[in-house]
Amino acid sequence: ADVKVGLLGGISGPIAAMAPPMIDAAKLAFAQVNEQGGVLGGQKIVTVVGDSACNPQNGVDAASKLVNVEQVTALVGPHCSGPVIAVANSVAAPAGVALITPSGTSPEITGLDDKGTVYRTVPSDDYQGRALARTLVAQGTKNVAVAYLNNDYGSGLAGAFKAEFETQGGKISGYAAHEEGKASYRTNLAELSRGGADTLVIFDYGDGSGLTILRQALENGFFTNFVGGDGMKSDAPIKELGAENLTTFVASSPMGEASSSLDSFNKAFTAAGGSADAIFVANSYDAAFVLALAIEKAGGDKAKVPAAISAVSDGKGEAVAAGEWKKAVELIKAGKEIDYKGAAGDLNFDANGDVPGAYGLFSIDGESFKLQTPMN
Amino acid sequence: MTLLELMNFYVIPGLVLGSIYAVGAVGITLVFGILRFAHLAHGDLATFGAFAALAVVTASGISPWAALPIAMALCALIAIGIDKVFYDYLTDRPKIITVMASLGIALMLRAVIQVIWGVDTETYSRGLVRPENYWGLRLRDREIFTMLAMFAIVGVLWVFLQKTKWGKAMRAMSDNPDLALLSGVDNRRTTMLTWAIVGALCAASGFFLGLNTELKALMGWTMLLPMFAAAILGGVGRVEGAVLGGLVVGVAEELSVLVLPSEYKAAMAFVILLLILLVRPTGLLKGKLL
Amino acid sequence: MTNTSKTTPTLVMKDVRAGYGDADILHDINIKVARREIVSIIGPNGAGKSTAMKAVFGLLNVRGGSITVAGQDMTGWKPNKIVQNGVCYVPQVNNVFREMTVLENLEMGAFLRKGDFTAALDRVFSLFPDLRERRSAMAGSLSGGQRQMVAMGRALMLDPVLLLLDEPTAGLSPKYMEQIFEITRSVRDTDVSILLVEQHAKQALTFSDRAYVLAAGQNRHEGTGEGLLADREVAEMFLGG
Amino acid sequence: MEIPGILIYAMSMAIFMGIYAILALGLNIQWGFTGLFNAGIAGFFAVGAYTSALVTSALSANHLGGLDLPVPVGWAAAMLVAGLVAWPIGKICLRFRSDYLAIATIGVAEIIRLVIKSEGWLTGGARGVTKIPRPLASDNYALSELSYLALVVIVLFCIYLLVEKQLKAPWGRMMRGIRDNELAANAMGKNIERRRLEAFIFGAAIMGLGGAMLAHYYRSITPEAIDPMIATFLVWIMLILGGSGNNRGAILGVVVVWTIWSMSEFVTDQLPEEYAIKAKYMRVFIIGLMLQLVLRFRPEGILPEADQKSAQRRK
Amino acid sequence: MLEVDQLTKSFGGFKAVQSCSLSVKEGTITGLVGPNGAGKTTLFNLIAGAFQPTSGSIHFMGKDVTSLSSDKLFHRGLVRTFQIPHEFHRLTVLENLMLVPENQLGENLLANWLRSGQVRAQEELTRQKAWETLEFLELTHVADERAGNLSGGQKKLLELGRTMMTDAKLVLLDEPAAGVNRTLLRKLEEKIQILNKERGYTFMLIEHDMEMIEKLCDPVICMAEGSVLIAGSFAQVRSDKRVLEAYLGEVVGDAA
């Protein structure tokens, strides 16, 4: 028999552009599993894709279909925080089905009363915002303006960044939220630049309004340096604006200690036709891979999968890197503890299903992002 | 802040944005005024037009401006087709039904766009275009062209509606379709012509939006509300009004960050709209009270 | 059309069955209008008089019978095509373009006319001087009687072969009522056939060549104007004694 | 295990339908009876959802409220506050007609949405409100779905009776009269402004209740739930397809549209795996197409507005 | 009972009613005639509160009602019909009539629930009255038809029927005869007389049908170009030279 896993993503709706690569990355992980012998002694993992459209109504409906009708063993997704919370509350937790979101960054997810079913492979915004703030101050950037997207992702990151940056003695000379989908952000930029900062920090998506902001800032010469969160570490700016125009642009992104994991993912994903710089793809891959490990560990028992997820990546045991499925299976068979070190970080789930995360600051080199400095 | 700064960073962006809104709003106001319903598929048809132009550009390598007429023609045909297949048989029903049908069309068009062109962000030409300096005013070529083209398109349309029999036939049909028939107006052909114009305008507005920013599968849908606001603001059924409304909404949105937190920028169009409607319930230029 | 013989009737409605929804309103109606003839239809409210006129124009479902204009079978034609063939119609209600000016309304009457129509316009304005005065007023703001004039004027902008008038005098002052009858007669004299619905039945019968009485969607009586006027039953039932 | 799963799915579908039916009935009062083109359903929905959320959830540093009151109090508060919010909006906007009103109410709903997103002290901002209690919840998945479904059905039934009785009563007749011809209704002594406001508030309160019920179902409410597509336009599609002016039609419309909305995913899932993502776009296409088909065959709605036939022809 | 003083109404620059003064005595059937576009309907709209006058005043039953809205005037006993029928097109004919009576308990949201027995009883009475009206107007066969589907004349009858559904003091009728079958019209005339004599309704009647004016109205007021030309008995008005010329279109000296 096959093991069914649900991939729940915001395929239609506001993050339509981000969802497909994320789904592809998750599928890549399962493909690797299947190639390397499958789960539970030769069974294949098959995926069923559901569309949460980035709103709770569709999310819960799609999750209900996956869990109740398709009888999936676990869910990877949804992508947006709102549906994550709603699905966790009204489907995953009641049904006791594990849920790993690769991109739900809201702090609210931490404290959900989820009976241990909810995990995420993306760190809560808190960590990244603070790490980025520290790194910038350490690099000598003391005065910045912040433009953030008015959603859970943008406002979460911006809030954390602001608090830490100011504690570190930095000055935020402009701080403003914006709505997505507008054609012009030039006056926003003009307002922000009036504070006198020459660095703009953008917490937005690089293939959405973040790109528009970056473009309009560059074209009109509003700022000289640009810093983005992980959402901005997207191939879209390179593709649309040209690498030659982005020499002063850096973006932070989660990464693991074992950068071999990231390399191996990058290689595999590029080979499969994906863009490794797309937003949240590594997190998505990790979510799928760790889930496969947990299924193996739980022996296919749906009810045991949630607990198994934290067991396979809790910082204890033999390290397993991205793509090393065969090795992991053998270890599990041998009854050894394993510790998955993912492409987007080491994971190491805490009791709430959150990951602490480690970050690096990336700059553009050639046509893709290259690690500039690790952040802490 | 100097006057020049105000112009460069607030007013000019507002006018460019307003011009983009205006082209869309003119189409919306035509459907409103002539066919008497709110065309919710307008934004997605605009997206379709923008992507069609992109397809032409990538396939043949011609300049985006040369692709524009092709996209306009294509969208005109598609608009006529949509009307023939989906809206036409609802003509005699309450207009709200056609509004719902157009919502369905919006979904269908969006799906088609996503299937054909995917969901990635695209541009007509890669790279940056920095503005030129005209006596202190900073303008990019494409911004000048956008504004000029907007006035040209709207001007031609206005003359066409004023000077030809078609304009009158359209108004007659919208006023009293049965009586128009009895006067010898061929309502079918008039409707077709209306859709051809509306489709072409859709393509143009999508194109300008894409030219000045990027092309995204949902770009039209997110622009729909401000465009509607512009159309209503100008007075329903009034082409000049739609242009005025578009410019007002565009400039007001851009200037709003001076007084409001920027997260409320999106609401600006509606605040202006509500205020103006309170004073002039028929819009800036007297529109029809439907 | 011009070469149809003098004896071909301008309008023949033969056994016309028609209705709005599923139910029939008209049950096998027969109406004939010869060349240069004024024919009126009278009958109680809701008898189907207006419906009969709409049936000629295909504005509702014609389910049986045939409609022939000047020898040409026009059953099932589109209204705009029927107009092109020289049939003009003034409906009873909704007979002006409310959001167009008086002048534009009249111009719409000449929509099919090629070339200059100032002469026709002048004629209408001299018939209804009130309209000349209010030429740039929106038709929707006009008084009831003025609208009726606009509607009538609109029909006079073309040179039809057949004119269908649905209660053209309703709401008009006595002065204009007389005038409308006058106009009708003079139009008839320019080789136009006229079919007319009237509630001013006595006046209508007086100057009609022939008349039909409809009741409940059926032909009840027909005859010459004077003949029907003299008929006691008709007088009692339909003319108000 | 197969059969119960499908049953639970059916229950969750039915819960959605029930809640959307409440929204559709609220809209029916405004549009179906009174002819008010309210395109700001999402606004009242949100006000209701957030009100009940703040009233019934536990104290939290992230947002106002946290009164921890019983759920029925929250629902009552949702109706009350939604009605209260509707009052000034109605006062200002109801002077506009048809499409003008539509765009004005869309605007108001957008403003409400932005306030909810941006004023974090009040609503939790983008984080929303979580930990909203769900009434009658139990550890058993099927059982808690079933009991919530029962609750939704009971509330829906009450609302239906309420609205239906109003429609059949002289009140409904008067409202339909105002809808059909304002001038004449005014000349017949009906106070148009007050009556329209009355219907607007009545409908908004019911929409508020719908919002509250959805929030308690998710045990959370975030700004994503008040997207105009899912919270306004979808309800409009349901009402118009079902038959505006007819309460049973409204409910039937909800059932049909939600079924299309939800089940279409199964259809497109039949496509081979490598088209899984395109299949979701196709699904949106199918939804659009199905709408067209329903309109094609039932252009007046599935159950059109019924004429109130005189029961006895002669006494 | 009705005093109109120096009433003026202009639309843009166009004065539809100009310094118009007239009065209507209780218990009369006052006829209002005048050429098309004289401002008769506009005057009705002003009296009934559908338009606000530009200047001038209106007193009804001794009270100033100049700026009162239609619904308030209705409650004071003033009912009007429209020249161009304003039916409730999606309501049935019966409902069109049942909607009219004032102070219906069932129009109150709460009373509907708290006093449903009374509401039902009231409905029964209203229904009965509506049926009687339909019978009189010969419209029973279309009672369940949507009013929008009526013929032109039937709509006018329905318009008239609404005034019979309430106890009015002053009824303004705007061309009730236009488009109505003459046989039925004779009956209507009788009904108006009965209402006038037995129920004490005061009527104000715009008509172009001279037969009807002659039979019913005294006094008759003739308007032209927005103001009153002459008021008096039918014979007086009928023989006035200006009236003959402007309105009746007869060459002076010609006998009727």
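When the chains are written out, they are named A, B, C, D and E in that same order, and each has its own residue count from 1.
Assume contacts are C-beta pairs under 8 Å (C-beta built on N, C-alpha and C of every residue); 3 or more make two chains touch, one makes a residue touch a chain.
What you see is a predicted model; the values in this text were computed from it and never measured.
S.K.: Once the contact rule is applied, which chains count as partners of both chain A and chain B?
M.R.: Chains that touch both chain A and chain B, as defined above, are D.
S.K.: With centres defined by CA atoms only, which chain is the most remote from chain C?
M.R.: Relative to chain C, the chain with the farthest C-alpha centre is A.
S.K.: Just grab the chain with the largest centre-to-centre distance to chain E, centres being mean Cα coordinates.
M.R.: A
S.K.: Which chain pair shares more contacting C-beta pairs: B-C, or C-E?
M.R.: Of the two interfaces, B-C and C-E, more C-beta pairs touch across C-E.
S.K.: Just the number, please: Cα centre separation of chain A and chain E in whole Å.
M.R.: 74
S.K.: Rounded to a whole Å, what is the gap between the Cα centroids of chain C and chain E?
M.R.: Here the centre of chain E sits 29 Å away from the centre of chain C.
S.K.: Centroid of chain C to centroid of chain D, CA atoms only: how many Å?
M.R.: So the centre of chain C lies 50 Å away from the centre of chain D.
S.K.: Cα centroid separation between chain B and chain D, in whole Å?
M.R.: Chain centroid spacing, chain B to chain D, equals 30 Å.
S.K.: Spell out, as numbers or ranges, the residues of chain C touching 2 or more other chains.
M.R.: There are none in chain C.
S.K.: Could you tell me which residues belong to chain E and also touch two or more other chains?
M.R.: Correct list: empty.
S.K.: Going through chain D residue by residue, note those that touch at least 2 other chains and give them in order.
M.R.: In chain D, residues 114, 117-118, 281, 283-284 touch at least two other chains, as defined above.
S.K.: Chain pairs in touch?
M.R.: Touching chain pairs, listed by label, are A-B, A-D, B-C, B-D, C-E, D-E.
S.K.: Report the residues of chain C in contact with chain E in the complex, numbered from low to high.
M.R.: Residues 20, 43-47, 49-51, 92-93, 130, 134, 137, 141-146, 148-149, 166-167, 170-179, 199-202, 236-241 of chain C touch chain E in their complex.
S.K.: If you look only at chain D, which of its residues touch chain E in the complex?
M.R.: Its residues touching chain E are 165-166, 169-171, 173-174, 176-177, 179-181, 183-192, 198, 202, 245, 305, 307-310, 313-315.
S.K.: Quick one: which bits of chain A touch chain B in the complex? Just the residue numbers, please.
M.R.: Residues 12, 14, 16-17, 19-20, 150, 176-184, 186-191, 194, 207-208, 211-212, 215, 218-221, 236, 239-242, 244-245 of chain A touch chain B in their complex.
S.K.: Considering the complex alone, what residue numbers of chain A touch chain D?
M.R.: For this pair, the touching residues of chain A are 7, 11-14, 19-20, 23, 46-51, 53-58, 60-62, 64-65, 67-69, 71, 80-83, 85-86, 89-91, 94-96, 106-108, 111-113, 150-156, 177, 179.
S.K.: Residues of chain B touching chain C in their complex?
M.R.: Within the complex, chain B contacts chain C at residues 165, 168-169, 171-172, 175-176, 178-187, 288.
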